[in-house]
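Presented sequentially are two complexes of chain A, the first with chain B as partner and the second with chain C.
Coming up: the complex of A and B.
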């Protein structure tokens, strides 16, 4: 019943690896200003110089240091996807709890909304929106969180439906607890593991989507982003530049997604006893 | 015939009669007692020792050593103004008394017959022949043959002494006979003999009788009307049968509950609190510190004795034991949706039939302050559903539940929250009712936090108190344990502490012990009943265990197919069940544990059926 998720995560090899990877990304993103050898916006060398001791990953078409770009890119990627995921998870929570607790009209509205959101091709909407609105970091966060809450809301509603008949809810209601108290002290704590898993999974999707959108050009060109890097590098594949320009951001995106995926899987198996193996390993 | 008005008796603490020394000027033993005795009537006076019964009796014959105020009118004459000489003429010939522990009243050096003659000779000096005739007739009547006439007191047994004293009291043909604990020092058989004798004699001669006793049985057998005395104040009076079978005053009820009878199966319970010493009597209603339903006024003002229906006298600010919870026509229906929806259908080909199960069908129930009501029934009879409705957990489909006169399902959210405090439920499975994310302290403090009672410090104290009530440790280690560290019994105790920390008026306990093993079960039930008595809440005990219901309940309600088919005092229901289902239940329940040949249980044609 009582699982210490943190310990479980650390015990599992997958989870541990994922945590180290996320830790590495965090250090890079937070310390970008100190780690990056150059200002990623500055023109520091002649365009398209190949890797050298001064520029380990070379220089892009406008003379910016690619390694510094990559390091600053981690910052935007993590910022956007973590905030978008947190917002989306909160939205899922709100919608799911509402649908689960207040059956009838609120439930029907929320659930039809969820159905609609699940049908909508997220990428298409994002592209359309970005075509009309300035696609900065804030817009992207807003868009991603509005587009990704639906699956989480559905899972949370189902959980609330089964949770709300548990004895300690009835008992708390018997003491005179109102809905607010019940949600805060009994419902949300019970949902913590679910929210954690949901959060991690949404981060993973957000990283992927953000990179994809940036690759399609739907992102503020003034900011550093892995997707944008791929977008620009793609035009120079005929030169040899792709080896040090295209590959590193692609690897970085995969690295991030794998990191969150590992933690997500590990958390999920810690929460669901059916996924637990006989021995930890 | 006899009218006692505002009789107050005080003793000075240093006079011989008062055993207690105190700094008070005087000790009030009787406080404004009113009594009335009609010719030929037999009045009983019941009370614990120390309640002032004997002082009252002594005042009536002018032998009270204390300071007597008020008025005692006997056939229009004021007795309190009489001189000792006048008293001498009244005693014996008009008012005669048989005293408690009265073996000492016989002179050791006179033969029995002469002793019995003595009171008559005192009133009619010289009429020795008449005295002898009367005395011998009376002695024979009380069962002492002529062989006893010349015997000396020390050769007589206790019962024989008592008989001769009765004869002595009757010899001058008094109008009023006062019996002060006439049989309390005798063994059961002799007691019964003497009581029949007294009953026979007093009825034959149509004496007016005042019986004073702490023994309910004595009073029940001799008196037509009974008055209940507590700490020198009159609590309740009325027809003996009604007073003892349907006590209205909280004190009378507790007294009856504490009295052992063969009929009663219920475990004996003392009255909560301590009997106050005479030099430290509580103000206002003397019973209020031990009462389960005191108001503020009870501590300040003596309630007036009012006549309620049927010549019943009651002195209680609350009008006697109050009705806490009353439900009328409570019905609960559950839709069996799952069955209807499980068949996948297209179009309107299958008519949607609304299947429903009526778990509770129009139940009427009254719960009184401080009583234990055992709701008995087999599984599926609807007792849990009813319990949840009573505690306000669920709303019934129809019917009304009134708590202190307010319909609990029609309150504003604020009032509803306030009412919740008084209605608590102990759920069948304690483990489920406790959130596994909270430690013991948080669990027990939760009701207080929800109800916004007190601050952190006072909550801490309240939690400690509640845990002590349920005999759980209060050390830091225990307070920080989580439910999965606790045993089943401990979980149930924590759940109980949680319910009690709000000091509820009604506690519905749903099979509180069903999930525990036998030894823990007994402990929990004992604890629950003990707490009920100490804390004075109304307990609804839901159980399928007949033996438990009988031992715990003041009243038992038997539930069958959503209805309460029979309801009444536990002893009556279990000895003389009326409804065929109750009979079947009793027959099935007779435990085979201690009988050599286990009988096969018959359901008597009763079964639980679901309308599916």
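Coming up: the complex of A and C.
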């Protein structure tokens, strides 16, 4: 488990590319207010104007600058998926450690819950809830983190089960370390690589789910979102507007998912010796 | 096995409870939540009759028993948009969805298994790393984006395929012309769904093949002097197949989520399209019915895959889902 995954990530071409892509997205998302040429909510030109020097991607059906919408969309996407993934990973950690350390009733309850959660089609449940509540960023974060923790919890429990009988762990216990101390100083640090992989994978899925929900129109229309842009632009497909209105958010969503998929894949192969280049088997 | 069946039952009950509770947790009463827009046209008597029939009044426990009773009789409520019982509307849409899912799953499995076997066999050479990158990129494109792109290019720009629907309206769909029309409408949605499922099956097969190809029985097959192709397909792939089948089946949720988007993009007349139409017209009885049925399809599919996996590979008896850890 002792792999320096950060070095591995930078050494691998896929991982490096993914990191650059994520870095670019972060810059756009954090600097949205400075980069965006217009306020994406303001009506700045006559509706459906085609691209021009003043509006490189044209203007949408209510007169908002599409480029600015696109830039602000990065902010919503990253905000929702990164926070949802962090919360879901923490939940996985808590559940996994609990089920791994305490055998008996807590383990049985948690694992039963995990098994059931793994069967339930997550996106469909999210959709069912969203159809009623039309979630904004906050509700979506809550919903996604409650729905996506199960796979991670299972992996973490398996790891905890194998870790807890290792030498240094037993030694620490013999010296009188309490459960809380053991978890904080010996267990969690060992789980960092797994948590990192889980975090990245869940971000990827969250980006997809958020974009999907917004594409279906079940997202707070007051917030800028790539999925919602595609949703609205689709009604104007038969004018030429799809070229500058529909394609950019579609590319942005795919770009984001691919960025996290590349980093996720690279991290995963760094952690799994079976997949390392050059080794056999 | 009993525990597994129990998990599915529990999952089903959770879905049912969610379906039951959601409209009742909304502000206002469930009659408004489910039939909101149509209430304007209703007399108080009609409203009362509706509430009576679908158990939307009375204590929560009474409501729940009425809800379950109605479900057991196949009564999913009344669609205010289609002006027909929801179950009838859904029954008309289900075959289209199953057709699309069936065709796409079959082609994606076939292509994905062959592609994965070929790539895994030549691990780390150009073909393998190229395939891997291609699969990762393809996997990053959401189904609705891919569908829109294909629709714009092949349907809108090249005009090779129709833009929407399952068959052409105003056309006598008989004989060969009808069959061609039907297949033309099926092609792009099926292609999109196949392409969205392909990378996952490819990656699964590839990694399973990597684990299998150094196994003694493959060495034996080669030692017997079998042709390379036979070693690869009759021995290695065959050994790798059971976990692949189980894991593909267990990810039915992704398949049915995919079909939902594809149908919406191509206005293909299945459950997904029905769901979207209902959603846009705030026809919540139909929205609920569609999602409930799709979820039941997913659970049934998962369960069958679980059973099939055990039949194909008795080692899985302990817990097939251990395998899912890596996906």
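Note that the second predicted complex is superposed on the first by the 274 of 281 C-alpha atoms of A that agree within 3 Å, B and C clash if a C-alpha of one lies under 4 Å from a C-alpha of the other, contacts with A are read in each partner's own complex, and residues count from 1 in each chain.
Quick note on the criterion: a contact is a pair of C-beta atoms (placed from the backbone, for glycine too) under 8 Å apart; a residue touches a chain by one contact, two chains touch by 3 or more.
Please read all numbers here as calculations on a predicted model, not as lab measurements.
*Asks:* Please tell me, clash or fit, for chain B and chain C sharing chain A in the overlay.
*Replies:* Pair status: fit.
*Asks:* In the overlay, answer first, second, both or neither for which of chain B and chain C A:234 touches.
*Replies:* In the superposition, A:234 contacts chain C only.
*Asks:* After superposition on the shared chain, which partner residues are touched by A:196: those of chain B (first), chain C (second), both, or neither?
*Replies:* neither
*Asks:* Considering only touches as defined above, state whether A:250 meets chain B (first), chain C (second), both or neither.
*Replies:* second
*Asks:* Examine A:97 and indicate which partner it touches, taking first as chain B and second as chain C; both and neither are also allowed.
*Replies:* The answer is neither, since A:97 touches no partner chain.
*Asks:* So, does A:177 touch the first partner chain B, the second partner chain C, both, or neither?
*Replies:* first
*Asks:* Decide which partner touches more residues of chain A, taking chain B and chain C as the two options.
*Replies:* Between chain B and chain C, C touches the greater number of residues in chain A.
*Asks:* Does the superposition put A:120 against chain B (first), chain C (second), both, or neither?
*Replies:* A:120 contacts chain C only, not chain B.
*Asks:* Per the contact definition in the header, classify A:267: touching chain B only (first), chain C only (second), both, or neither.
*Replies:* So A:267 meets neither chain B nor chain C here.
*Asks:* Touch check for A:211: first (chain B), second (chain C), both, or neither?
*Replies:* second
*Asks:* Just how close are chain B and chain C at their nearest CA atoms in the overlay, in Å?
*Replies:* Minimum over all C-alpha pairs: 7 Å.
*Asks:* What part of chain A is in contact with chain C in the complex they form?
*Replies:* 14, 112, 115-116, 118-125, 127-129, 131-132, 151, 154-155, 158, 208, 211-212, 215-218, 230, 234, 237-238, 242, 246, 250, 253-254, 257-258, 261-262, 265, 274-275, 277-278, 280-281
*Asks:* Spell out the residues on chain C that touch chain A in their complex, using ranges where they run on.
*Replies:* 7-8, 10-11, 14-15, 18-19, 22-23, 26, 33, 124, 133, 136-137, 139-142, 144-145, 148-149, 152, 156, 207, 210-211, 214, 252-253, 256-257, 260-261, 264, 276, 279-280, 284, 287-288, 291, 294-295, 298-299, 302, 321, 324-325, 327
*Asks:* Which bits of chain B are touching chain A when the two form their complex?
*Replies:* My answer: residues 391-393, 413, 416-418, 420-421, 423-425, 427, 429, 431-437, 446-447, 450-451, 482, 484, 495, 498, 502.
*Asks:* Touching residues of chain A toward chain B in the complex: what are they?
*Replies:* Counting only chain A, the residues touching chain B are 1-2, 166-168, 170-178, 181, 185-186, 189-190.
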